[in-house]
Amino acid sequence: MNSVVVRNVPRADAAIVKALGELGVATVHEAMGRMGLMKPYMRPIWPGAQVAGSAITVLAQPGDNWMLHVAVEQIRPGDIVVVAVTSDSTDGFFGELLANSFVAHGAVGLVIDAGVRDVKALKEMGFPVWSRAISARGTVKATLGSVNIPVVCAGAAVKAGDVVVADDDGVVVVPRLIAAEVAKKSAERNANEDGKRKRLAAGELGLDMYKMREALAQAGLKYVDDLES
Amino acid sequence: MNSVVVRNVPRADAAIVKALGELGVATVHEAMGRMGLMKPYMRPIWPGAQVAGSAITVLAQPGDNWMLHVAVEQIRPGDIVVVAVTSDSTDGFFGELLANSFVAHGAVGLVIDAGVRDVKALKEMGFPVWSRAISARGTVKATLGSVNIPVVCAGAAVKAGDVVVADDDGVVVVPRLIAAEVAKKSAERNANEDGKRKRLAAGELGLDMYKMREALAQAGLKYVDDLES
Amino acid sequence: MNSVVVRNVPRADAAIVKALGELGVATVHEAMGRMGLMKPYMRPIWPGAQVAGSAITVLAQPGDNWMLHVAVEQIRPGDIVVVAVTSDSTDGFFGELLANSFVAHGAVGLVIDAGVRDVKALKEMGFPVWSRAISARGTVKATLGSVNIPVVCAGAAVKAGDVVVADDDGVVVVPRLIAAEVAKKSAERNANEDGKRKRLAAGELGLDMYKMREALAQAGLKYVDDLES
Amino acid sequence: MNSVVVRNVPRADAAIVKALGELGVATVHEAMGRMGLMKPYMRPIWPGAQVAGSAITVLAQPGDNWMLHVAVEQIRPGDIVVVAVTSDSTDGFFGELLANSFVAHGAVGLVIDAGVRDVKALKEMGFPVWSRAISARGTVKATLGSVNIPVVCAGAAVKAGDVVVADDDGVVVVPRLIAAEVAKKSAERNANEDGKRKRLAAGELGLDMYKMREALAQAGLKYVDDLES
Amino acid sequence: MNSVVVRNVPRADAAIVKALGELGVATVHEAMGRMGLMKPYMRPIWPGAQVAGSAITVLAQPGDNWMLHVAVEQIRPGDIVVVAVTSDSTDGFFGELLANSFVAHGAVGLVIDAGVRDVKALKEMGFPVWSRAISARGTVKATLGSVNIPVVCAGAAVKAGDVVVADDDGVVVVPRLIAAEVAKKSAERNANEDGKRKRLAAGELGLDMYKMREALAQAGLKYVDDLES
Amino acid sequence: MNSVVVRNVPRADAAIVKALGELGVATVHEAMGRMGLMKPYMRPIWPGAQVAGSAITVLAQPGDNWMLHVAVEQIRPGDIVVVAVTSDSTDGFFGELLANSFVAHGAVGLVIDAGVRDVKALKEMGFPVWSRAISARGTVKATLGSVNIPVVCAGAAVKAGDVVVADDDGVVVVPRLIAAEVAKKSAERNANEDGKRKRLAAGELGLDMYKMREALAQAGLKYVDDLES
């Protein structure tokens, strides 16, 4: 691995990023054709946050957070830092100090396939983090990784500048080049769901609303009155 | 597998279901002789809910929530839907839309050995869910399963109409035919625990209250003053 | 295994225990040279508690909480009970009844490499617990273990009287004989971090503050303008 | 839980059991409509064995093998012992001594949702075991369970007398009352697969043999020459 | 997701693929700068195989092997099929029938982030498979995925035509465009290791051979005669 | 953590080490009162080896095998190296090169709570390893740990010079000071088991041989003819 920091990161339009963040993970993921979702072990360290940002990607070594310090210099307001590690690690790569630094440079959140610490302080600061673990274990600064190269984070491929959306349902990655299209489809889907929600809340059956009865019968579903009948 | 929907579900008496729900999982599980508990990976998606209901059982395929739509039609007020999957899946089988439908038909909760999404909305609606995962991953509607056949959900055998009790401690299944008896024993146990709680809170040792000292000595327990003595 | 209860537990000075508790897990763990941390699967059953206490150690058998009852008699005000199990178990070894007993004798918390139940009641009582699981599964009282012998709990070696510090970041064990020294180093580290926090919050880069640029260059880190350049 | 040993176990016809054993797990599982399979964490402790037998079911407590000793008396030649545990346990419930006892009474194998030990000796004896773990950890004989009651083992419901088939692919449970029918369907499936195997081995595409092309096109599958085309 | 099958797959030179296969996973992974390794849960279903091939990539849905049938038509002699699934699944996507089809079209192996079955038959055929699980659970053919699009398999990004090397140590992916360079570096590394191996086997210390003593001392390593000294 | 290498390691008598190795893990673990066993995730990388040796302990950092090189100099013939890591890691800390070095200095095996690679070569060399994982992932040599300090490895406390016994059932640690006593008790247990084995193999029930019937009845075990009786 050549260790590099890529300085120029093309970012999606801020209005599109904002729109994707407001639509939320489940809607965006569906509108993308169910691609780009990180593994469900990625959980928010405190509930309720919902953000979107342009990805600054970091490839770090297990138990070594050196490249997070390097990454700070590349953060622009509205960015979200996405950290992949070359092998599974739960160590605490990030805590209050780095969070202060991230905030000072405009980061809106952190997505890390490893652990973080100082969770109480991070919650008080309102800095949102999605991680695989919480751990006080400290890390060293000894081995290089890279910044803004393509990475695989929690099972999802991420390129610097992709739009990352995160909320209580998890984290989804929207490739930058299709972000506008995905935002449009997500908004349409959202509008569409609103109508369905009302009909379902009024008691209409999905069986009828989605016209599933025929397909179910054709697939062989039988209705019986009792288990032994 | 023949895919069937069983329409008639015998349910336990509503007063008994209510009583079991108020007694809570740990007490009911103990009163049943420590049977019927689901695996501890089943966790509430938001804390504080405590419910009981009659089970509508669903056997679904991995990544396919078709049968949840089918199940809605079978829900009666006071029911709790219990979803087993034919192989391990963390996908998001259930979200805000289905929740609206469930609520419209009177469901009091969902227990699902898979994932759910829209957790923020579900929390705002006050709809309680116990699941193995939270995931925005969408599911297809392609392959049949069954509704109201006996299933194994998170390690527990469940029949349609069994009473399912769930709270922050997990989920327990009470076979319908013994529900009245279990409710009675649970209430007795609860009453009994109240007295013990007060004595322990006053400083009395369990060693004395439960008269354990002789059994411990007989089993060979030694007291020493210091580690090396 | 000879089953013993060791009665005399040398404890650290109360002021030092208090100081360690206020400094928190991450700081204390760092000041100790990154030793003594329990595995990150040990999580608080409710967020926000931060405690320190002298360890009463318990070695229990899987699915058997007999020795927790034995341990109560050894608790002195300010103690924290640390339970290891001879093989992995998620059963509910501890609940509201034992919590009342623990509190009556002055315990400030429980750290258990197994499950607990009655989490809602424990939260209402304000009794803090760090555990590997939440489970309503009851335990038997059939097989001996020991109290106040050295144990391995969640990957950390613990001796009776060691200082255990626990908060939202996890659990760390400070050997009693170095507790004073660790408290001193932790306080120094804390003071030192305060200055750093302010500089980072003001936008100074860690790269500059920690003077990392030269070491990074020497290790071979390259900066490029674009990915293909 | 009332602890009982059920003495009379109705067993399937020996010829049917034999036939199911020869057909193997994958074929039988398919012929049953993909029901009855245990979780894939159940693995043979040595490769190559393929057996079927009538289930003697055991419900044991974690870390306690007392009921395995009780079960031996109920074994008849051709039986396979199926052990469920009331909560997850990896302890070594079974080893060389019990294996000698099982063999003396005619057991053809053991399926256990826990651990076993003496694996080298068991392999030398040729006694096949499917388990979730290998562990030398000994167990106590302190708490009752039951024998020949319905259990859930590794996610599958098992009744005494059901036919259990196990090989390198895992373990499947065939309810006794449908065993003859499943054996017949399994044999048909097997015969049917033979023809398919030959055609596929000769290079015929499944796409053509199963006539999938139209359905794929209808579902929307596109063929492109190059990724960017 | 648009479901596509990409027909043209640029492949690396056969001699380079062969060379990489003979060098093995650990050497190739090191020569690549420690990139491209799949997660260690990917294990061979039988030991001893060592292969390399050009990747035919498959993106499948959980519990659905339809796209594996589609992929067969794209296999050319020397290819290795790499299957990613859109969410975690252990189901048996592949068995003896598909293996016969794969072999007929020249596939040299299968790498699948899911389960396989018929492991005994696959071993007898000598067809090598690396998978996350073994499971007899059958899959449906209901939902589209894609063939030869870029995928993430077991944490590694794979493009169609990349060289995949697999042996008892795991699976590594070599991007096609650097395959020649990696093969060259791997061979050099191998030659270099041979000399080291002989010196170490003769008793020379790595401390001396790698000249580590000074760096260790500088980092602060102390030698003491006894633990308390 | 002060990083130290302790040079003088008191070792148990070679005859006692040899005797413990021949008795095997399960017997020794029982004779010790069921203490000292490592977690069952520690598995041999190839089956059939059975060894015992004096522990050279290593505390390493995640993804960093520097201290294994340091440890080689401390190996004496008959030693077994035991590697703990400060946080969970599956990386390949050890392979063919280090194995040649270990063998040259007389090591009889490796027990490592992390990963190893070159498993085919290690098997061909006949060098036995027990590990938590197999992984080709390389490690760095950047951060100090210690050699021959007390460690916790896979849940077991190990001191340098303790006797480590390992076979297909796992790994057990015998404190050096009680090794002679444990060897004696193990031999007695072994002799005792031989008689039991013969009686059980002849068909005698454990129920009778161990005189369990009365205790079972007293505990409340009931025998019934049929499930519904």
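Letters A, B, C, D, E and F mark the chains as written, and numbering starts fresh at 1 in each.
Please note the rule applied: a residue touches a chain if its C-beta (ideal position, glycine included) is under 8 Å from a C-beta of that chain, and two chains touch if they have at least 3 such contacts.
Quick caveat, the model's predicted, so the values are computed rather than measured.
Taking the definition of touch as given, a chain qualifies here only if it contacts subunit B and subunit F alike; those chains are A, C, D, E.
Looking across C-D, A-B or C-F, the interface that copies A-C in more than half of its residue contact pairs is found at A-B.
Where the sister copies subunit A and subunit B meet, the same residue numbers recur on both sides for under half of the interface positions. Centre-to-centre spacing of subunit B and subunit E amounts to 42 Å, using the average Cα coordinate of each chain. If you average the Cα atoms of subunit A and of subunit E, the two centres end up 27 Å apart.
Here the CA centre of subunit B is 30 Å from the CA centre of subunit C.
Subunit A has residues 2, 34, 86, 88, 90, 135, 137, 143 in contact with two or more other chains. In this structure, the chains touch in the following pairs: A-B, A-C, A-E, A-F, B-C, B-D, B-E, C-D, C-F, D-E, D-F, E-F. Of all the residues in subunit A, the ones that touch subunit F in their complex are 61-64, 86-91, 135, 137, 140, 142-143. By the touch rule above, subunit C contacts subunit B in their complex via residues 2-8, 66, 69-70, 72-73, 90, 92, 95-98, 100-101, 103-105, 115, 117-120, 133-138, 141, 143-144, 148-149, 160. Taken together, the subunit E residues at the contact with subunit A in this complex read 1-2, 32-35, 39, 86, 88, 150, 152, 155-157. On the subunit B side of its complex with subunit C, the touching residues are 25-26, 29-30, 34, 37, 40, 43, 47-48, 50, 167-170, 172, 193, 196-197, 200-203, 205-207, 210, 212, 216, 219-227.
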